[in-house]
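Beneath this line is the structure, given in structure tokens, with notes to follow.
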């Protein structure tokens, strides 16, 4: 489920964002506490070995190694790589959100352009609407792990009422080595053309409006599919991950407190707890987590899109709009500003 | 209310932006003075403790700690993180502004395409226009805290004349577990289709123009809803906030003036007032405030969008345009350049 | 007036951009010389005080202060803040340019779709075109200081022939607490609808083309208005300005040449003229000037849009196109490649 | 073939991206192992020469050279140049993906708007569809090396069934010094206009829908062609490549372990294997590889678009949709939510 | 002519980009060798003066100056300024490319919507097409130096067959103080409207399709004009150029090899040839050259758009498509996948 916090930041107030630091759901703490523990344990282990187990000469060697690591840790361009990479991921994530297929535009047109309050008219509108929902469901199944869990087979799709048994048969009957998610969308076109021939759709202009809108809907679907199919190149993700992990690896050794009595520059204080290194871990690992969370927004993270909810909402609302609400109108009355 | 200063910067003049530094409303000073005071008080407190309370050995320890903090303060990539984050926030904010729903395009079409100067025609146009305004009001209620305060219940919506009692009843009557802000928009379609059947709208082309425009209007509404619903991932905001707060925390200790007589490098001057640290506080905290102010532009900040004003303007203007101004035309006369 | 130099950089040649460094109009020198003089005077004053007035101990103190300032000057992230900010300003500026309302699309449609070479037909086309120009003029008046100076009252608008006296009366007569720049645009719709009824516009398709185009025109207008109304948040501009000014303030003291005989690191040369600091002033102040110049492109800077010229060109050209050129066609002859 | 890994990152989990580090196909290791070996061999060679072959004085000279190289290696702005360049390449790559021509929108319209289940009707629809596929095939041949290998001559195009012998003749017959990939697209228009005249397409609205869609299809095609024709300026690519290669060249010498006993600052440890330099090689060379892989996504890299697969899929699916599926409709039945 | 190298980088191979380093046309070497020689000569001259002419005290002074310059050279933010600026220039350049006016969409519509194979019909289609080409030619003349050289006067335009003598007369006859490139575009509208009246264009829908497409074409033209008219503000270009030139100036002195025997830090090696400084020159000057080359892509650089070729191609192809190919159709035959 998406974590919405916009109402908490409606106004810029005294230390406005500090409240956000205290949330748990969808928070950096929830996402990172395991990695944080692992990091802390390793750091402590190395620290203990250095302090308790090593002999004098070994300690000197370790100290040199630590300084060496520290110097290179600073050369790793984590900030930049993460900045550019996260910007890319965030843009893709948002584009996926704005391209989620919503049937509202189509249900509006179908309700007003496909006429007839009789059973055939109702059936026509409901079926058209069902095809719309079916198209997106087929796409969501291949894009979203959550939806796939809910509809693992076409049987589940039929059972859930998105497809009738007849449609299932015709669908399976079609011979094609390729994905067939586009099939209901052709049915939609055929059915609309038939409705036009029968006069249920009055005009070619109305028909083409429906067609254009359906094509837009399908483009949303296929764009989602495209985002899933062609992700950020694996190499890019690996480069970024390597950079961050190497940085932390270098920090494990390089950010140890060295014996102040030896007098290395910048090492005249032993705080035991490397507070700033731990905070840096939070920044960088948190920043990478932003990417991890958003790179596939159709999973089951706290911040992922609620695709299953969308599917239910769309079917319920769109059938309501084209059937029960078709031509239902409140009596027109003068508004209070009349004259 | 939005803070408009563009007329003050129309021309690039001698130290052109310095005038902007002297404004109070919507200014960095107004937004930050509380945080600034807190920061200054803490800094002073630590400074006093160091100067007056600590013994010699404690002072030496504190000095080491201060140098340690200062070194790490510089390693925190505040500039970058803020740069990327604020760019993201500003883009979202501007997209929200350009997607504010304005009924002007629709009122233009309704005024010219829905015919009839009799009472029924007037009622038709006014009702269509009212549905348009109602759709956006329902969205604004869930998006903007300011609008929600003004219309806490549907009763307030009815009272304000956006909805009639009949409509209210029909609206409540609809059974749906989901939000129903799309309902007036279906009514709009049904009413327009009816007007087409009655000949008030002359042609399917005119009807489909209205429909397309209404769909565009609804898309604006739902995009606003989307921006509210799916914000910048909480983790990202937390990462940035943590980075900035940690930086300031490190500065509180690390930017203290250390006793020049001890002779630490870079600490041979005691100015008492850390002028540059305070200015840095202004930059970074101010930059973060930009994000805080814009992340939800529907609050009540000085720089937030004046949604309530929009709602009033839209209703007043759109009713005026489709009713009083319908087919009202100044007498055509030759312009002064004729021949 | 816009400064066009593209023809000077058509080809990438030997030290291609150096010619641009020698221009005066719209140049960095013209924009900055006053600030530069102020900066140089202050720098010199401080330098003279240090060299001539201060006693030995005061000099030592000043030197420490100077080193302190220099160290912090380098910590101020001017480059980044300016990079991100100027990118934002340049994008907004360009978007405003591409959204300037040009009536060419409309005059093309009106000339070919509104028929009749008689006086009524001519009047119809000229009036429609005038409404288009009037809409943008009303917007330009509130957006551009240059246009406002030229048309300070509605009387000037009438005098200039954009509005007739009758229209003025009707316009003033409309009661609305809100801006009324949208009124001519409703008149346009009404007049076009009337022309359709009279058969001057032959088809609803033609009518809706006109309507769509007019709506596009109006969207350009309102987008310009939006850019003026909702600027870059004041806080952001203040943060950037503060950063740059603070940097220069720190430079005034921190970049003084200290007595080489005292032997501070990096201070073993006294050049009297701080050539690189002055160049840095040019970079950063110049970069900020880019923002200052572009943040409101409707002023009277050398590089601002020539709005008054646009207004004249649009009226002249569009009346010519819909009246004199209506149905005027050169005799069709075979071109030279025929067969 | 595209490397899809989105299902592996559906949820942000414990060290979520680490699994991606262990893939081979499309991975950084597969792409880089050869360069890595070359780099390692050179590094080792230089190291061995320094350690074993050089005399004392030569060693001292080499050490100075090494320190000199190291200092300049850090001045090379590899991170920035790569950041800006890769962002540009990734944007172009993604734009090419979203502009791949898919015939789905057209097949939907043809199936529903071009009527007649008789042989002539079938032929009409299949031929229209074939022209669509032919247009994109001609473009793909000049854009994609993989497609060109498969269809090296027009004979192969005819053999594969995208063109008939008659069409081939007419195509070859056309005299033009320019590319002729636009020819089938004109045939499409002519054939559609003929179908309209024959009444197979019922209305000009339907016809113009087809035309608009075909124009959109052609725009995709020509955009792909444009991306191929006008690449990122060679100079830019050369600048980036030079920067990266120079950096590695400088590292080969500058990152050698110098004899710790001589006591150069930062050289008091001899690890033999320059672990961080090798990791840096992975980051930067990997980042450049991202660009190399994406700069022309129509090659045969692991991550390139599967153009040949697209061509087959599009032909098969589109013929199926407009022929076998034309007006084929499952029997309408009440869905399970009826009343 | 554009330098196309995409086929050379189709696959990411072993040191994939190194081949690009060996090209001459459009390469960094060709663009930069003159500047490079100038830089090298100056560097050598200063080096020789320092080594051979200066006395001991002068040498010491020069060495201090050199160190001073070197320190400031590093403070100049060349990388950033160039990164942001080049990104801006590249975006503008690409937008200009995708907005080049191609008549393909229009020729497709004209060929299929303007009927009649008789001479009048042919003349009609050819004339419409000629007006389209004329519109863009007029724009190209004012935008591109290469085109202007080819068509320095309107006589050349007439001679080349883009305009007839009659049209020339009518064109010159029009009184307007403003540019008249929009005139053929009005003629197009008038001629299309006439064709509609004569029944050569069958339907208002077809007519409006043509009009919309023509408006799109004109928008491309005027956008090109806009890019030429309103360039990147001169100040920005000057700031960037100043930054780069200052950097190189500082390098000339600051990167000299100082006498190693004097023992300045970092100056214990005299390589005579400043290999890394020369490489840096290549990076930065090359990066700036990218901007120089792209800032006006209508010149005669190796990488500029081949506008004259476009003009010829467009006229030839579009006349062919609307005349010879009008209603020419290969005989429809069953494709090889039939049944």
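Just so it is clear, A, B, C, D and E label the chains in written order, and each chain counts residues from 1 on its own.
Note that contacts are C-beta pairs under 8 Å (C-beta built on N, C-alpha and C of every residue); 3 or more make two chains touch, one makes a residue touch a chain.
Keep in mind that this is a model prediction, so the values were computed, not measured.
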Task: Set of chains whose contacts include both chain D and chain C - done: E
Open item on the list: Return the chains shared as contacts by chain D and chain E, ordered by label.
Closed with: none
Task: Contact distance in steps, from chain B to chain C - done: 1
Task: Type of chain A:chain B copy interface by residue overlap (half), same or different - done: different
TODO: Mind checking the centre-to-centre distance between chain C and chain E? Centres are C-alpha means, answer in whole Å.
DONE: 24
- [ ] Find the geometric centre of each of chain A and chain C from their Cα atoms only, then give the gap between the two centres in Å, rounded to an integer.
- [x] 39
Task: Sites on chain D at which at least two other chains make contact - done: 31, 80, 83, 87, 205, 289, 293
- [ ] Considering only which chains touch which, label the overall pattern as line, ring, star, complete or other.
- [x] ring
Task: Ring walk, chain A to chain D and onward - done: A, D, E, C, B
Open item on the list: Which residues of chain C touch chain B once you look at their complex with the stated criterion?
Closed with: 31, 34-35, 38, 61, 64-65, 67-69, 71-72, 75-77, 80-81, 83-84, 87-88, 123-124, 126-127, 130, 144-145, 161, 164, 166-167, 169-170, 174, 176-178, 182-183, 185-187, 189-194, 204-205, 207-208, 211-212, 214-215, 218-219, 222-223, 226, 228-239, 241-243, 245-246, 250, 288-289, 292-293, 295-296, 298-301, 304, 315, 319
Task: Touching residues on chain A, where the partner in the complex is chain B - done: 2-7, 9-12, 14-18, 20-21, 23, 26-28, 31, 74, 79-80, 83, 86-87, 90, 97-98, 102, 104-105, 107-109, 111-113, 115, 202-203, 205-206, 209, 213, 266, 268-269, 271, 276, 279-280, 282-283, 286-287, 289-290, 293-294, 303, 305, 313, 316-317, 320-321, 324-338
